[in-house]
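I have a structure here, written as structure tokens, and I will follow up with some questions on it.
Every chain is named by a letter (A, B, C and D) in the order it is written, and numbering of its residues begins at 1.
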Amino acid sequence: MGATVCAAVEAAPDMELVARIDAGDDLAQVAAAGAQVAVDFTVPAVTEDNVHALIDLGVHAVVGTTGWTDVSRGRLVAHLGRKAAEGTSVGVLIAPNFGLSAVLAMTFAAKAARYFESAEVIELHHPNKVDAPSGTATHTAGAIAKARAEAGLGASPDATESGWEARGADVDGVRVHAVRLRGLVAHEEILFGNEGEQLVIRQDSFDRVSFMPGVLLGIREVVSRPGLTVGLENVMDLS
Amino acid sequence: MGATVCAAVEAAPDMELVARIDAGDDLAQVAAAGAQVAVDFTVPAVTEDNVHALIDLGVHAVVGTTGWTDVSRGRLVAHLGRKAAEGTSVGVLIAPNFGLSAVLAMTFAAKAARYFESAEVIELHHPNKVDAPSGTATHTAGAIAKARAEAGLGASPDATESGWEARGADVDGVRVHAVRLRGLVAHEEILFGNEGEQLVIRQDSFDRVSFMPGVLLGIREVVSRPGLTVGLENVMDLS
Amino acid sequence: MGATVCAAVEAAPDMELVARIDAGDDLAQVAAAGAQVAVDFTVPAVTEDNVHALIDLGVHAVVGTTGWTDVSRGRLVAHLGRKAAEGTSVGVLIAPNFGLSAVLAMTFAAKAARYFESAEVIELHHPNKVDAPSGTATHTAGAIAKARAEAGLGASPDATESGWEARGADVDGVRVHAVRLRGLVAHEEILFGNEGEQLVIRQDSFDRVSFMPGVLLGIREVVSRPGLTVGLENVMDLS
Amino acid sequence: MGATVCAAVEAAPDMELVARIDAGDDLAQVAAAGAQVAVDFTVPAVTEDNVHALIDLGVHAVVGTTGWTDVSRGRLVAHLGRKAAEGTSVGVLIAPNFGLSAVLAMTFAAKAARYFESAEVIELHHPNKVDAPSGTATHTAGAIAKARAEAGLGASPDATESGWEARGADVDGVRVHAVRLRGLVAHEEILFGNEGEQLVIRQDSFDRVSFMPGVLLGIREVVSRPGLTVGLENVMDLS
């Protein structure tokens, strides 16, 4: 992932790649090279230390590593607050997903949810995936459930009496189906229905290069967003 | 359904509607009116008696009523054989589904099945349906499983370790997912995958009028097919 | 359409149908019956007079009739302004489309447009439609083109050298394809692509009853939105 | 393509790779190495000479190179006939497309065509493609048109009066639409409609590795099919 990000930054006309950092390298090199923004795709064990070091160096950070918790994010917020009090404005963006189509699909699904009687999610992946349903689908279903609850909608109508095993997993009351098919990569389809109409939002990720437009967008946006931002959708203009 | 069939026959340029029979009417009227073919959309309790009576009258029959078993079909075959031995050639077509798109989807799926590493079925229906998965989807999955077995294919690849409830029902080793959504009627999507490619066969039934082309096709074909034929696909030219 | 709206209002637990107005009826009946909101699905020739009369009666209006222009809408704004100055707050909602799925598809497409290298629109309708592409598809493509221009995106990449007639209509630089197929009603599919990813927003209208949730939403919202609002998306919570 | 085929053959449990031939190599090596079957993915300028040489060597051939004409295929048939008369049975399979999903989609479309009032084709490709519509889509539309004509069907219903440029290319009376979208590879969607129903056959090629199952199938089948076979569908069991 690191190499793909470096290539994307080098190819971007409005960016310059000034340093490549490997496991074990001294992060001070980042600041020494004059970097405004650092991108962290590392591993859960080191990402928090990395980001705190970057904040100390006054370098903005775009983070794609997983494993963050409310507690570790809270420590970031506190650190960023202390730096801001000292007059140093640093921005950190943590995004669990840099795929624009995936982020938009989830965001639109959450907005649409309150306007439909029925909602279900189908995720489709390659057959080597060990968990089901996918994190993205679970997250999407959770957001739909939250929006429905806020709008006072109950459960989607369902007269099923037999054959529940075909009706998918129940994620906060929203049915989620997982398809595993050789040839596929990562795909999600969100279906909404009212009497006489259907809205389908479908997202296809064919390749990890699809994350690069999102990473570049994060780099461009994080410099003007001091403090912690979680989720790529929060640096996108979707109002 | 009876009224819809009568209207379809009346509108067909190559057919004439000569009799309408209601529950309790004497079937002899059918022959008296000069009918070559009778269409039976009745109920399981009476359909077998109807068809035997039609065979005795020398009238071909197109039957959309459910409830037939191997035993009751065997009685038809025997009766048709006796008539044939007497020199009277009568054809009977029993079809569980007259939707051309549904029948073609199932037929194509069975033919395609042996050529793909992975296969899954998604059926989508209105939320008032009480059973899952649909009979059509179960039938389709069964046909796929049979074709895979005949071709020596094992189960579709699947590394799932957790979250099985999202992976749908297991029909003879083929995963079947059931979606229930307000606004939908009856739909089926069959997915096949190999490394680098996917084949999807989708079928949508929006309205019961969609059964009429299949009923008319059955009427046209049954007159030249003595004996019992089961399944609309067996009077279609799909070789 | 009028009958369908009346049935929908009668079925809504939070509404009461107090008057049904036919062509030629006196609109004063609306106020006399105690209506808070009137719904106008009439014809271009009379809709403007109707709405001005409703404003004078102090009745909010939800309008689905087409034929409004900048000039006629301007006259509404002026009239509403005079009433407001007199202390009477009236709301008017004019919506070219009350289908929630259609309105959401267009709105989401406009938001997504700036984030993708490629965008195209496919609309699919019954074969009796005389114009192509559909108004909804043209409107959607226009909104995509506008969002792309604002974001500084040029045309979608396209190396086509021969066979332009297969590439659809050019609507402000966005390709729009029109499919006509027996069995379909009104459907729209909006495709966005980046390297390695795709986002598809699809909308199906199977029946005019699908407009009713949008009409009811308009009725609920117009009472608290004085002045003129154009477009159902502007009374929806999509921020 | 050659390297991909070699890798696929090496990975197949029922095959052995005995020779790799490059441009300029002597084809006699193929027979010398004990090959039963040779696979030719070369260029139009040399493929015919290659195949004639292989026939003389008594080696079966699977050919994916384009550029064959009725005349050059006629020369193959004559050569194969002379060898057969001499007692040497050689099989040659020329296939314009080795993608199983593409071949099946075309084959099923041709079979389904006579049963539907409406038919249209949408092909979707990466935006670097210079021609539209794709050869596969043109071939599919032609096969649909032929099947419709044989069944006595006229043109699909179409009331379009304005906006023809959105209605796609006319291939033998069947409308074909070409979408160009970054992120896509090669995809085809064939839509059939009757009153109240739709059948959609969709095919996705994500990667050229998708041709390998078809090449392997060709290798397995060509050994028992003396003479010339054109089209992978003719060595598949689709009856």
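Assorted remarks:
To be clear about the criterion, a residue touches a chain if its C-beta (ideal position, glycine included) is under 8 Å from a C-beta of that chain, and two chains touch if they have at least 3 such contacts.
Source: prediction; values computed, not measured.
The chain pair from B-D, B-C or A-D that repeats the A-C interface, sharing more than half of its contact pairs by residue number, is B-D.
Centre-to-centre, using mean CA coordinates, chain A is 41 Å away from chain D.
Computed from the mean C-alpha positions, the centre of chain A lies at a distance of 45 Å from the centre of chain B.
In chain A, the residues that touch at least two other chains are 116, 183, 192, 194-198, 204, 206, 210.
The touch graph of these protein chains is complete, with an edge between every pair of chains.
The part of chain A that touches chain B in the complex is made up of residues 116-118, 120, 122, 124, 127-133, 156-170, 175-184, 191-198.
The touching residues of chain A, counted against chain D in their complex, run 183, 185, 204, 206, 210. For chain A in complex with chain C, the residues that touch the partner chain are 99-102, 104-105, 108, 111-112, 114-116, 192, 194-210, 212-213, 217, 236-239.
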